[in-house]
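I'd like to ask some things about the structure below.
Per-chain numbering from 1; labels A, B, C and D assigned in written order.
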Amino acid sequence: MKLMPPNQPWSGIFPPMVTPLKDRDQLDYAGLERLIEHMLAGGVHGIFILGTTGEAPSLSYRLRRALVETTCKLVRGRVPILVGITDTAFVEAVKLAQFAAESGAAAGVLAAPYYFPNSQAELMEYLRHLIPELPFPVFLYNMPSHTKTTFEIDVLREAMHVPEIIGIKDSSGHMLYFHQLVRLRRERPDWSLLMGPEELLAESLFFGGNGGIAGGANLFPRLFVNLFEACQAAKLDEVRRLQTRILEISSNLYRIGKYSSSIIKGLKCALHQKGICDDFMAEPFHRFRQEERQMVQDCLRKLESSDSF
Amino acid sequence: MKLMPPNQPWSGIFPPMVTPLKDRDQLDYAGLERLIEHMLAGGVHGIFILGTTGEAPSLSYRLRRALVETTCKLVRGRVPILVGITDTAFVEAVKLAQFAAESGAAAGVLAAPYYFPNSQAELMEYLRHLIPELPFPVFLYNMPSHTKTTFEIDVLREAMHVPEIIGIKDSSGHMLYFHQLVRLRRERPDWSLLMGPEELLAESLFFGGNGGIAGGANLFPRLFVNLFEACQAAKLDEVRRLQTRILEISSNLYRIGKYSSSIIKGLKCALHQKGICDDFMAEPFHRFRQEERQMVQDCLRKLESSDSF
Amino acid sequence: MKLMPPNQPWSGIFPPMVTPLKDRDQLDYAGLERLIEHMLAGGVHGIFILGTTGEAPSLSYRLRRALVETTCKLVRGRVPILVGITDTAFVEAVKLAQFAAESGAAAGVLAAPYYFPNSQAELMEYLRHLIPELPFPVFLYNMPSHTKTTFEIDVLREAMHVPEIIGIKDSSGHMLYFHQLVRLRRERPDWSLLMGPEELLAESLFFGGNGGIAGGANLFPRLFVNLFEACQAAKLDEVRRLQTRILEISSNLYRIGKYSSSIIKGLKCALHQKGICDDFMAEPFHRFRQEERQMVQDCLRKLESSDSF
Amino acid sequence: MKLMPPNQPWSGIFPPMVTPLKDRDQLDYAGLERLIEHMLAGGVHGIFILGTTGEAPSLSYRLRRALVETTCKLVRGRVPILVGITDTAFVEAVKLAQFAAESGAAAGVLAAPYYFPNSQAELMEYLRHLIPELPFPVFLYNMPSHTKTTFEIDVLREAMHVPEIIGIKDSSGHMLYFHQLVRLRRERPDWSLLMGPEELLAESLFFGGNGGIAGGANLFPRLFVNLFEACQAAKLDEVRRLQTRILEISSNLYRIGKYSSSIIKGLKCALHQKGICDDFMAEPFHRFRQEERQMVQDCLRKLESSDSF
């Protein structure tokens, strides 16, 4: 199992891996292997599985375990693996975490339980009970658009005293919130602040962030790694150039369908067209039909005709 | 297995049963039996398990199955049992439905998959795929505060052509929406319209509703059955008197805690104090502490000192 | 000036009058007179001007005063006139109230100031400062969809100690909230609870409401007065029959356009087609074009071909 | 009247001036003069009056005109003056714009009319009708938290064809939206993109923004002008240092009260303590009481003990 150096924040690009599927309850094993190798060849610093982009809540428990096990085997410790363990049921979250740790995963990623609306007091109590049951360190995952619950700053101030919590992935899309995280982090410099939406990656890295969980890094891993390195080197012009490309992808590829599911659909469809993996989607979503596929193909061609991807 | 008469809407009081727990992953069997007998003695027309009040999403899958099995055994066909089969994972919803039907449950209750925001088109496609896989008829369950997705009228208009869908439980709390359901139902008179929030039960019964999934009927089943019968008999004064009592419960017992979880906490605490079942709550919630318990006790005493409960 | 009997709640049907306009800043005087006579002939118990249906915030201050003055003259004390005095500027609210009282209006209707989000503490302080400056009694107006601020129950409990506040118009559309108002009103039986959305009028009257500010009563005043009287007489079947008609109007006439402005547009268009007044709308809205006009005409014909309108 | 160079975007720091008040309907003239001189001494590039920070909707129309007139006189053309002309009434917006232009203001700032929820189609039609009536160029003002209406990208794409619209102030707080504005602006390079929330100023300037309407520049104009210049010069370390100070102000001074009104209250209170102007607030708000005043004083002392303010 690959670990990050101790007492330092995790940093770099950690793609939230899509889950290659052949059917409603069946992994696309060959696609999974190609996808992993594609991302590793791009230089990513770790892989995050069973997140939102990985459609985790839509997968059967059996399949989730199969994905964890297979991914760990295929990665062979080359980079650390983070596993989403969010669940509405406390007991299931613990069981999946144990399975993941035994399979070789390095850390868990935990959003708020997402059926019941949680108060912040209930959320903190939940963390206090759950964390000691987990076999590995954990990133919190702020994802209010899907969980209905924000990790508010006061709860995070308390969560910082829990050594097993080692950072937060913020997918709120709110830079105002992210800047508060940066201020808060002074109290615990080993915390890692990872940005969710890739459109905000550049600025988050400039102002204190440590890395990104960028969906687009499934498809164009090198682009995101390049952006990360340009930010580290404070090459402002290069950052602007790469950031413009990232916004180009986002403004085209992710808006082909009509619904909020378009991001994952666009990613899977593009990966399929590049011959990497199947584009089957777990219910309640479905892969693009012919018309949108054509648009994805046109979009990919346009994007790749420029350099740096 | 007790069934409703064919081609008629289900009608009456169907308590959304709380799940009596002894511990994080253990049923309170004796409490469960007492609770079932208490509700049946009150004259309820069916029992709905694994709903929101039943904390279904917070229970392990093993426990959900144990609850289904035990409840069906204890009820012994005296009333029909409805089982919540809502799940973010299609495959798990189907598996639970099959288990429930084999155990003797009469119907399923299905809310929108609740992690990803769904478009209405995706929701309809989901229904079209899921319903044929289910072994029993299904009620839709409109619960936007928890699922983030409303069953909009246009989708319901289409869902009415699916014979296996036999009604809807509306927990939106919006009478404007409910009145639209009543209009819509003209197209399918065997559909059953069941009201969620008990505070709206009386008016929903007056203006076209068929019954209620009233949480308070765990505690005071006779009160709700009386209200149902008074509405049937168009005894307006009696309805007003009973409705006032129901609002009294709601305005007192359900507001003792500070959070939206107070309704379930108050119910479980009151059931505990009446010697019916344990008040253990599944994470992320926790039973009331001593101070709130005392308030529940005072509240119960006040409520029960008046007649009709 | 016509007043309601002292120490009793105002009750009955108070149409929120549309503002007949000839142009962006010009009243349709003849239309205004016909509209008033049409409503009075229908038996309404009062008229509410400068509300949401009256497009008050879209009218120039000069025009608002012209409307107040002319309406008071035309009504000639036959029924009491309520005037919306809601304003983001304290000083303007006071000035309009003074003008209205001098013109003969009987009461004001006051929503929360609607640009800044208000806390409940700020809202209560605002009431405490504003009410003493007003020359007539005031109804609060709960309209969170437009003002972003709800009059929460705790603020209303305090507001009940202010004698000059004599009731509340609730346009939240939430019967759960309305039932709380009914409970609260026990402390001040002379308070009047007036329902905004006409689709909820019947049930609000059954369970403690005193009347309605029903937009549809601009068009079909007699229908709403009949409903009010049937509720008073507890004629349940008649209430259901009339309520069904009201829902018919709402489900057809008010949904002809695509936006939330369709209610006012539909009303004005229908009034125009009945020869009562112009259908000019104040910016940012605009009257229906030919296509929608045709639909309104068809809809009116269908509605009026059944009896009771 | 000072104008910006033609065919270039306005750029720099434009404080949204607080409105110094002595009483509910009375300007603090001496304070206004000191405030203007304080900001000009700090090097600001223009002044924006009658915005949200200026409490415009809470001021009487008479007072708004007095403020426009006096500010123009006191500034004496040294920098351009922008005037908020947002109004729920079309006619009043036009009248205020005419008055402002005659008084010497250089441009208007226009948010969506904010009582009625607007559809995007209605919003575009509103712009098409209003802009030709205005005597000066206009910035759109995206302020959905207060107006309930976002200027969506499709509407802006169309608005870009209107030459009199010369830019947008974005107070949504969403960098995802802002990046879309930057992409869109390619079609009209003379458009100015001005950031509202000062916490996002640095990153907006890095990635394509032209300036900021920063409330804090009432108090610390030099700090914001320094940040603007450091961004222009791409001095990344300096930018980070100044940005940290700005976040320090925001995290302390603006959070002293409990409500969202705390930003304006904190600003006015701090200006009062620096001897610049009165801290009277227009209803529905009120200045801080003694306890919060003390906190503001402590906070100011701490902030000013570090350099660069």
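Remarks
By our rule, contacts are C-beta pairs under 8 Å (C-beta built on N, C-alpha and C of every residue); 3 or more make two chains touch, one makes a residue touch a chain.
Computed from a prediction, not measured in an experiment: that's the story for all the values here.
Looking at chain B and chain C, not one chain touches each of them. Mean C-alpha positions place chain A and chain D at a centre distance of 37 Å. In whole angstrom, the spacing between the mean C-alpha positions of chain A and chain C is 51. Residues of chain C in contact with at least two other chains: none.
All chain pairs that count as touching, in label order, are A-B, A-D, B-C, C-D.
Across the complex, chain B is touched by residues 173-176, 179-180, 182-183, 197, 199-200, 202-203, 206-207, 234, 236, 240, 243, 247, 251 of chain C. By the touch criterion stated above, chain B contacts chain A in their complex at residues 24-25, 52, 57-61, 63, 88-92, 112-119, 121-123, 125-126, 129-130, 145-146, 148, 258-261, 282-286.
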